[in-house]
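Shared between the two complexes below is chain A, which pairs with chain B and chain C, respectively.
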Partner chain A sequence: MTQFLAQYSIQRWMEMCPQGYLEDTVYGHEPNEHEPAVILDDDDEREAAIRTTVGLVVGERCALAASSGLINAAPDYPSKRFLATQTLDEARHVEVFTQRLFDLGVTADNLESTIDRYANPNLVKFAEVLLEKVAAGDFLAGVVGQNIVLEGLAFSVFEMLEAGNREFNPKFAHTLSGTIADERRHVGFGENRIGSLIAQHPEKKAEIERMQQEMTYYMLAVFADSFRGDDNKPKSAPEPTASAEWHGTNLSTASPEEMEAVLANTVLGEFKTRLARVGIEYQTPRVPA
Partner chain B sequence: MTDIDVSAPGIGADPSRRRYELEETGFKEVPKKWRKFYRHWGGPLDTLAPNEVICPVCKVVIRATRELRPGDKVYCMPCMSRMVVVVAESGRLEAEVIF
Partner chain C sequence: MSVVDEFDPHALAEQDFLDEVHSFQFWFDSVEGYLSDRPYGRLETTVDEPIDDARRERLITTLCNYSVGETAALEGAAGLVQLAPDRNSKIFMATQVADEARHLEVFLHRLRELGVADPEAEIERRAQPALVDFKGALLDLVAEGDWQAAVFAQNVVLETMEYTVFRLHAANADPVTRDVLAGVISDERRHAGFGENDLGRSLAADPSGRARLREIRTGLDAMVVGVFEAALADIGAPAGERSQLAHEYLDTIERLGLT
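Now for the complex of A and B:
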């Protein structure tokens, strides 16, 4: 365990992240990249992009609060050190997605009202379940909720968004690819750290499984809300491209129902296998209304 | 560098194993020295070579300079997980995380 934790050094984080894949980027993308005119010049497309980006900001604000809150709850200094790097990663994610809102025409003065207007209530509930554990100083439940459930969700959503935007919107795709690289470290820490801790604290399993069940309920409700509302559907779609293929679905031609299905199946499938690896049994949530 | 920093992997110079010359494939998520040992996974239709295995934690393809065999230890630098290569029920080689 000590050997595993020794890898999560700030030196390694600097070599991989700011001196590695983020070098020469501006807010996570290449300096000469911009949002495409098809989004900026169409009110419906721009609103859909704002709505999607608000979801990312809300999720990342939750991750920032959780990772920073878990530093003081961590039982050892290597974990605190890793969570300090994760805190900076999450703060960067909040910043780059907030910057995208500005690039889409949201002003600083109406940032918070825009987030309030478009934030999905089920995503807010999802965050509250996690932050309750963090506020209670529950390191084990907090890391499962943050680095396995939330990061697992973010990982799949970001991968789908990145694949769908690779040719249509390279600026956004590049911003997402940097966050995906960060998420790899976060899920790695979650699984490796929790895998050993669950074995030491089997009495915590039932409580953690209840938290997972509740978070999964709200996660599925977010997917249902995002894909079923007519006002969420872009009025036009980019031309089909081979690079928009993700888990057997062409994202540039898929219907909202097909996208919802592929994402829910991917995330739930990942949950089950991730949780099983660390010794937690997946609990099926109630079906969202 | 520690021993677990050795990217896929310390398989050694077993002459019975097919050897692979690795080149960078555009994977930039690790320091340059180690980039050739990893590539992005193309999804379920992506066919793996005998020297490749998927990291089950972060879904990156780990590449070795020799063909992989059950029992080999591999390391995923992007998510910092250590794994052992096993034969799955499907007969394919898979990686199992060592906690």
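Now for the complex of A and C:
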């Protein structure tokens, strides 16, 4: 355990992040990059971008609360130190996505009301399931919920958004690239640290599987809310973009139904693989209405 | 880009100042200056000097107790992320969590360099009771959800103690320990600044909080004195310097009107 945890030290984090892929960035992107005029000048596009970004802020606020809350429950110093780096990563994500809301025209005075207005209630419930475990000081369930389920979800959503924005909005795509690199590290810690703890505490498996099932239910409900309904249909026919290909789907031309399907299938596939690695059996949730 | 070098944040309006100095971006630009190319807080060009057995023993005890203090600050700051009343304070506390974890890591690393095979066990063996009590008192305030009192105990009392002791120690330390302490001291200054600023504003808005914090301070005083005495004896501070350090600590308390 000690050798693998050495890869998650503050020193390693310093070399990888501030002195690595975040060097010379401002709020996660290059200093001269801006939101494209096609978003800023069109009320519908701007509102859609705000709605998407609010979802990211809500998810990252949950991750910040969970990672900081788990530090005091961690059973060893190396895990505490890793979670400290994750706390800072999540705070940075909150900051860069909040900054994007400001860049999209949300004012500081209206920030919380904007978040309340656009936050998906199923995403809020998803967060509450996790934060209940954290508040109870349940390190094992907390790390599975945070570093495998929540981070696994974030990882795939960010990857999809990054692929879809690479040509259309390089500023947002660059912001997402840095967060994806962070999420990859967080998922790696979850998989590596939890496997041995699950083996030591097999009695916790059933409870953790129930938590995963509940979180997955709310996640699929968020996807359904996000891709169905007239608000989510494209306002104009998009131009096909080769670089927007993600898991066999061209995101620049895919219908909302196709996007929901590719995202859900990708996330669920990743969940199954990652949970199996730590000795947890994926539980299929009932289908959201 | 270096925010620190290019402009003075104190020239900003109050809310803009808070947005700036409590941000991840500001932290990022700040630490870049003094932590780049210093693995485990140590310049690669700094050469370790031989330390005799008695001095090495004292240094190990000192570093074990610094680790207790940093663990208290790490766990305290992690709890304070949850309690923070606004976005800026939450993000600042998250940067402090990473700072405290780094301090713990560099002290553990230095202990290993000094030949301590199991630093965690050694810390438990050498921890000063007064410091362990202080840690318990701080974490109780955090568990009670008392933001103001916990910020006072952590970012004013604990950080001022650490800042004071580390500075004195750095002046007389071996070259490698001095390098390590230099980076830690820069962080502690930022943390203490946050504490004074946050409490200063909340006490100006509601002066009745002073009486409550005075009471908390009275409860912590015996532990603080115990921690100071043991720490200054371990680092071999002369008696004259000890009273000067006590004054520095009391000055901070006085600035907040808590004497």
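Just so it is clear, the second predicted complex is superposed on the first by the 285 of 289 C-alpha atoms of A that agree within 3 Å, B and C clash if a C-alpha of one lies under 4 Å from a C-alpha of the other, contacts with A are read in each partner's own complex, and residues count from 1 in each chain.
As a convention for this text, a contact is a pair of C-beta atoms (placed from the backbone, for glycine too) under 8 Å apart; a residue touches a chain by one contact, two chains touch by 3 or more.
Quantities reported herein were computed from a predicted structural model and do not represent experimental measurements.
Trainee: For the combined arrangement obtained by superposing on chain A, do chain B and chain C clash, or do they fit?
Mentor: fit
Trainee: For A:26 in the superposed arrangement: first (chain B), second (chain C), both or neither?
Mentor: Once the two structures are laid over each other on A, A:26 reaches chain C alone.
Trainee: Look at A:75 in the shared chain and tell me whether it touches chain B only, chain C only, both, or neither; answer first, second, both or neither.
Mentor: neither
Trainee: Could you say whether A:10 touches chain B, chain C, both of them, or neither, answering first, second, both or neither?
Mentor: In the superposition, A:10 contacts chain C only.
Trainee: Given Cα centres, how many degrees, to the nearest 10, is the angle at chain A formed with chain B and chain C?
Mentor: 90
Trainee: For A:202, is the partner it touches chain B (first), chain C (second), both, or none of the two (neither)?
Mentor: So A:202 meets neither chain B nor chain C here.
Trainee: Contact-wise, after the overlay, does A:248 reach chain B, chain C, both or neither (first, second, both, neither)?
Mentor: First partner only, chain B.
Trainee: For the superposed arrangement, tell me the lowest C-alpha distance between chain B and chain C in Å.
Mentor: Closest C-alpha pair between chain B and chain C: 11 Å.
Trainee: If you look only at chain A, which of its residues touch chain C in the complex?
Mentor: Those in contact with chain C are residues 9-11, 13-14, 18-19, 22, 24, 26-27, 31, 64-65, 68-69, 71-72, 77, 80-81, 83-85, 87-88, 90-92, 94-95, 98, 108, 111.
Trainee: Please output the residues of chain B touching chain A within their complex, sorted ascending.
Mentor: Residue list for chain B touching chain A: 2, 4-5, 28-31, 43-45, 56-58, 60, 76-82, 97, 99.
Trainee: Across the complex, what residues on chain A touch chain B?
Mentor: 3-4, 6-8, 15-16, 20-21, 155, 181, 183-185, 187-189, 191-192, 195-196, 199, 245-248, 273-274, 277-278
Trainee: What does chain C use to touch chain A in their complex?
Mentor: Against chain A, chain C makes touches at 1, 15, 19, 23-25, 28, 31-32, 35-36, 39-40, 71, 74-75, 78-79, 81-82, 87, 90-91, 93-95, 97-98, 100-102, 104-105, 108-109, 120, 139.
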